[in-house]
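Letters A, B, C and D mark the chains as written, and numbering starts fresh at 1 in each.
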Amino acid sequence: MTASGLSVGAEPTVVRPRRRMSPSIYLVLALVALAVVSLVRVTTGAGNLTSSGTVAAALTAAVPIALAGLAGLWSERAGVINIGLEGMMVLGTFGAGFAGYQWGPWAGALAGVLLGALGGLIHAVATVTFGVDHIISGVAISLAAPGLTLFLAKLYFTDAPGGGQKQSPPIEDVPHVTVPGLSSVLGDLEEQGWFFVSDLAGLLRGLTTDVSLLTLVAVVLFLLTAYLLWRTPFGLRLRSCGEAPQAAESLGVNVYKYKYAAITASGALAGLGGAILAIASAQFRDGQTGGRGYIGLASMIFGNWRPGGVAAGAGLFGYTDAMQLRGEGAVHALLVLLGIALLVLAVVQLRAKNYVVAGVATVLGIAFILWFVFTDRVPPELVSAAPYVVTLLVLSLAAQRLRAPKWVGRTYRRGEGG
Amino acid sequence: MSNSESALAVQLRGITKRFPGVVANSDVNLDVRTGTVHALVGENGAGKSTLMKILYGMQRPDEGTISIDGKPADLHTPADAIAMGIGMVHQHFMLADNLTVLENVVLGDEPRSGGGLDFKTARARIKDISERYGLGVEPDRLVDELGVGERQRVEILKVLYRGAKILILDEPTAVLVPQEVDELFGNLRELKSEGLTLLFISHKLDEVLSVADDITVMRRGTTVASVSPGDVTARQLAELMVGSALPVPELRESTVTEERVLEVSGLTVTSPDGRTVLDDVSFTIHAGEVLGIAGVEGNGQAELVEALMGIRPLHAGSIALKGKDITRLSTRKRRDAGIGYIPEDRHRQGVLLEAPLWENRILGHQTKAPSVRGLLLNRAGARADTERIVAEYDVRTPSIDVAAAALSGGNQQKLIVGREMSGDPVLLIASHPTRGVDVGAQAAIWEQIRKARAEHLAVLLISADLDELIGMSDNLSVILRGNLVASYDPKTVTPEELGSAMTGAGTGGSDE
Amino acid sequence: LTGCGGSDGGDAGAQGGGSGELKIGLAYDIGGRGDQSFNDSAARGLDRAKQEFGIEVTELEAAQGETDAQKEDRLRQLAEAGYNPIIAVGFAYAGPLGKVAKDYPEVKFAIVDDYTPGTDTGDNIANLTFAEEQGSFLVGAAAALKSKTGNVGFVGGVNTPLIQKFEAGYTQGVKAVKPDATVQVKYLTQPPDFSGFNDPAKGETAANGMFDSGADVIYAAAGGSGSGVFRAAKEKGAMGIGVDSDQYKQPSLADVRDVIITSMVKSVDLAVYDFVKSVNDGNFKAGNKVYDLEVGGVEYSTSGGKIDDIKPQLEQFKQRIVSGEIKVSAKK
Amino acid sequence: MGRISWRSVSLGLAAPVGALVFALIVCGIILSITGHPPFEVAEDMLGSLERPRTMANSLNSATTYYLSAVAVAIGFKMRLFNIGVDGQYRLAAMLAAALAGASFMDSLPSVLRIAMTILAAMVVGAVWAGIAGFLKVTRGVSEVISTIMLNSVATALVAFLLNPDRLAVTVAGSNNIGTAPITEDGQVPGIPYEGSSSDVFGLIFLALAVGIAYWFMLNRTRFGFDLKATGESESAAVASGVNVKKMVLASMLLSGGIAGLVGMPQLLGASHSYSLDFPAGLGFTGIAIALLGRNHPVGMAFAAFLWGALDQTSNVLDLSGVPKEIVVIMQGVIVLSVVIAYELVRRYKLKLEQRDVGRALGTTKVPEEVQA
């Protein structure tokens, strides 16, 4: 019953890339995308599409999700599905609240990490030692964590100054940094409203102005993960546990140990994501995570189990979410972008003789464009769906062949290898 | 080579290993002399692999002692064994498909620089070993892209990389063609000349006789004989293994009729990444005829079978069954039209491991009596027919309610053969029907195919076992890089001729 | 009289009415005691009554995703255990309360935030409702008066009719001062996703968006997410308006209180206290009691002194609403 | 044979019982540490279960949970993870409620109205789940992602439609908003429960029927066989002639159709309108229950009842001053320990089975140690 997913899907139409694209190609693609967005901004006047404010908000929104995604990556690379991310994030928010108000935000972050790691450890005991189905263990953790934290919050926060039964006392924020000088130059450029140049300036300004040190920590963790998992013996062994644990075992790798390490690290990262969320919100609140753990899981799949991809997925989600929260205008402009993207898909699919998909894409694409043309705004209730619709559509468009670690979701028992 | 009993690389004493319900090894003693090739033979389930895994630290014996180079060894994990200079190439490949050759090789013993993995050194060392033993392994390719022969060499390289002095090779030749086997044996002799000790398991007794210095025979978990290759023939060896005479694949008289059952023309298949894996393949099989396809694995056999079964989409070409075009039919419709299918990988495609035998009887026959009635399952019918198969095909099982996973591979295979033969198929596609199956079961399966052929069944037989191909086919074709390159008359062809055609070295066969 | 439910009404405690036998049962909506919002306000009223009348109190709380049957059961268990009076906080209790009240005619019930005309409410139910639109009107006027850009914002926690009432009153207040002012509106989440009341991060993002588009005052009717709005305001040197209680005084908001120019105080505590007192004194009255500006059920707060300069104008608006000259609509 | 089935029955019971005991011990420890006497708490909870009302409400909760669990289980059986039951049932209940409350429905016979409402809910649920299925088979989009996303999209869609300009009606003064109430003929009457003022949902029979149909489908039909086969081994199913894409689409549609039913007992039996306080989050409860009941029709029924009873007795905890979060913790611990127990028993059973095979084959020398 292990729900590690069926392999059915896009395989007849897709080419598996023999060679990975070089970074410069990604850069060119990103710039082309920015140019298209810029074009839409210029024609629709929706400045929020690329303003530095949107970018900064996107970054803030993306960080907890990205860390959850990274947490999922660690666990799944070692072969264990972690659907308990949400629960581990909740533990992280509580840890941040508990330690944060007493000993400051850094202590809060650390406590979030520790509590998250504890959640990870429980998951490891259940899935590795007892061989329980990964989904079940994860669901149980996501179920019990909010109950436990609320239980503890009532115990510890009710009488604390400024706290309550469901919230911690306020936590201070960590320092924020700005690249000196750059910000104002970029700000001037951004204000000009020029095609492309101003958009690029907005983008860069948002990424270099008033950035929380914890965001930098998250960035470092992404780089560190990429290095650790793909450039060190430790990482190679860890990934081999997710691809072929028997092979790893036969070469003397202690698979259990690496799985334990990976899942605990996964919990720690999710916990940090929760802690960062709580610190950015200046307190722990019950129900604060609001499903970000699941979105993180989605961004991990979206990102093809790679750090860069996870960051991109979380960034896309954070960007659309920030955009919809900051004002409806940009979401209205987004309709055009989606319409164009769908029509491109339709053409591609038509050439691949995939008539059903092409037809659906054409109809949807035209519908989006007509929607834009005949309305002034997206109904506010629907605006909040933007991040989800965009993620879904981008994923359908990308049609990349996602490849999960081969052994993910399956139980492995020592000494049962053939 | 004759010198000294004293230089023993491996000495096993009184090894006993029990699994639930099975005693895999029972009081086994084994001596392996340093610098020799020592072969271990025995039928399926005799306990060879288990013994080797114990020697490699993957499994702990319940009783008994191990000495390496005269020193007692306490092996808890493969890491301990590796440290003592033991390396093992497993019966089933132990490779991570999604990692590169380099990563697979260095895993667990990585060169480091700073905290990181030193890719440069690793690459250099792999190239070095590869050149020294002529393995031709490229470090930066993804294992997923490699064929079986290449994977085999990666496995050997893994062991050499660790500087092993004692090499265990568990059925390394099962998936290789004769030329590759020769190459492998060349490598082994080279290793031996460098003073390495080799422990070698095989079911192919002629190979064993040609390469081994000593032979140990196992039967039912214990060693029954230790012989020298000069003293025995293959037949004697086989009798030691099974306690009876060795069965031979052969067809006797021809039953080929004029009725065309399967007509394939211009079959072309491209892989998802655009390569042509089957190129304009055409052939015909008549009722009562067995067409054998010989080829090195990875030359399009799997694609051919899957295309015929409707699992893989065609790029061009047509398929007709008894004159009816089935090119556009689904797998299910094709099976309904009378195609039986023995898949190459029984665990992946042949059985539901966790389902009981009677449910496995229904698999592939979801539309046919007696297992279904209309849209509903006919449980009673399916159960009754499973009992029949168990009896007729000698499937050894306590009941038809046990999970397929509880059966040994040979018994699973017999169940599959029985299932695919039921419902009177007109065409049987058999991929490696006896791979990994012991001699008793092999004989039973051959007998069933012979019987069905006499009743006008058409058979497409794909096998890596050339004796089986030659003995069981009415006609033989060789497949190379997606093309049918030659045809042979099995009565006249030798395995060597076939082998050179399969590797592209041959001159093309005799057309009939 | 500032409507804020401080603890300085204490001298009334002397006349404890003799009946120390009251057992109050109170059922909260989701969030319960500690939500720093209207549940908490109800809790304050209860605490005050408890202190003054020396009565026994039991509090129960709704769970996420529960059904009416569970709410009904909660009230019924209180009634069975002999609690009287029983207070239900939140409109979600309307249906269940109606059923239970019928079976326990001798028990006095109160429901906060609901009065549905036409449904039979029974003569043992007091409906305690609030004219949120009136209070919101005043803070809207304050926002318009304080705004230099003529551009103000409204951040609602979850898009429900109750919060829409706040928005409606606020917009009317803004327009009453500056008819051509812009009001930006954003609800953080859509029901049944109630995380919008608990997500300061979202509140901050939405507020930043509004400030970047020219707003300089934002009314945060968003429960716990409001703290994010205030933090954004503090960073941008802008202003914020609180909700439900005098948020300037809320300890958890101490470090951002400089930007809170006023709060729309909704005195659930007063209503709860009044209700308990009426039962205690033996003069319970069934039916709808609207806590509006006139009776101090809604108010704007002045702590911090940020709106001292415009207080005369606000008082004037207040008078005109109380007198009925200005009719504030509860609908957009 | 008889010996084996007796053994499997006793083993089958050992797991859930052992796990439950373990979970109770864990919760008892938590309670003791935080200063609440565990036995009194247990007594309170059991005592509350004796109240007819609590019992009736537990049955009602179980009805809803069970439907949700079956919807999830259909996916699980073929390794599809439908996290989207939540969005599917909410959208379905909302639209079905709007239909059932529409005035033109008043002229139709009661049975037809109810049938149309239920059918509409199933269709909406199926369509919404079908989107995920369609994206999976045509574009290879993981259903895990797409159903998570579709849940949120459904939330937005419901909020958009639940507006007086569209499908909702408002009552002046009320802070609630919902679809037009379903008039009496469109409702499903409850079954009176002795001593309880609230009835048991009439649609408990629907849940029962769904359970039986689910069992029948899995164990007696070709479709069910294909479904299970795909879940157990996709490659083997393909080789046997199963069209996996069609199966994905079909089982997503089926799962969504059942998900559409989740809101029906509540809608037609109690709320009679889809409004802001319509219960949410039942899809996630369904996942836990499907896992707890191991996708087995009977197992899930027990799990659903256990869950419902725990939920319903939590009120009494609040009354006696125990934080009711303990119930949530208990539910989490139960899921985990039940599953661990099942896993241990499963391993033990497999060992026994292999031993049986070995013995029956007669090829085994069985020393005394192994026999014992």
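Everything below uses one rule, namely that contacts are C-beta pairs under 8 Å (C-beta built on N, C-alpha and C of every residue); 3 or more make two chains touch, one makes a residue touch a chain.
Quantities reported herein were computed from a predicted structural model and do not represent experimental measurements.
Listing every chain that touches subunit A and subunit C alike gives D.
Between the CA-based centres of subunit A and subunit D the separation comes to 29 Å, rounded to the whole angstrom. Rounded to whole angstrom units, the spacing between the C-alpha centres of subunit C and subunit D is 37. Distance between subunit B and subunit C, defined via averaged C-alpha coordinates, is recorded as 75 Å.
Subunit B and subunit D have Cα centroids separated by 45 Å.
Contacts with at least two other chains are made by residues 11, 14, 154, 291, 381, 384 of subunit A. For subunit D, the set of residues touching two or more other chains reads 152, 155-156, 159. Listed for subunit C are residues 159, 189-190, 193, each touching two or more other chains. Chain pairs that touch one another, listed by label: A-B, A-C, A-D, B-D, C-D.
Against subunit B, in their complex, subunit A makes its touches with residues 11-12, 14-16, 18, 227, 231-233, 235-237, 239-240, 243-244, 246-254, 403, 405-406, 415, 417-418. Residue ranges of subunit B in contact with subunit A, taken from their complex: 56, 58-59, 77-82, 88, 90-92, 94-99, 103-104, 106-110, 112, 115-117, 158, 272-274, 313. If you check the complex, the residues on subunit D that touch subunit C are 53-54, 57, 60-61, 90, 152, 155-156, 158-159, 162, 170-177, 197-198, 266, 270-271, 276-282, 285, 311-312, 314-316, 318-319, 324.
Listing the residues of subunit A that touch subunit D in their complex gives 1-11, 14, 126, 130-133, 135-137, 139-141, 143-148, 150-151, 154-155, 291, 294-295, 297-298, 301-302, 354, 356-357, 360, 379, 381-385, 387-389, 391-392, 395-396, 399, 401-402. In the complex of the two chains, the subunit C residues touching subunit D come out as 58-61, 63-70, 72-74, 76-78, 81, 91-92, 94, 99, 103, 113-119, 129, 159-162, 165, 189-193.
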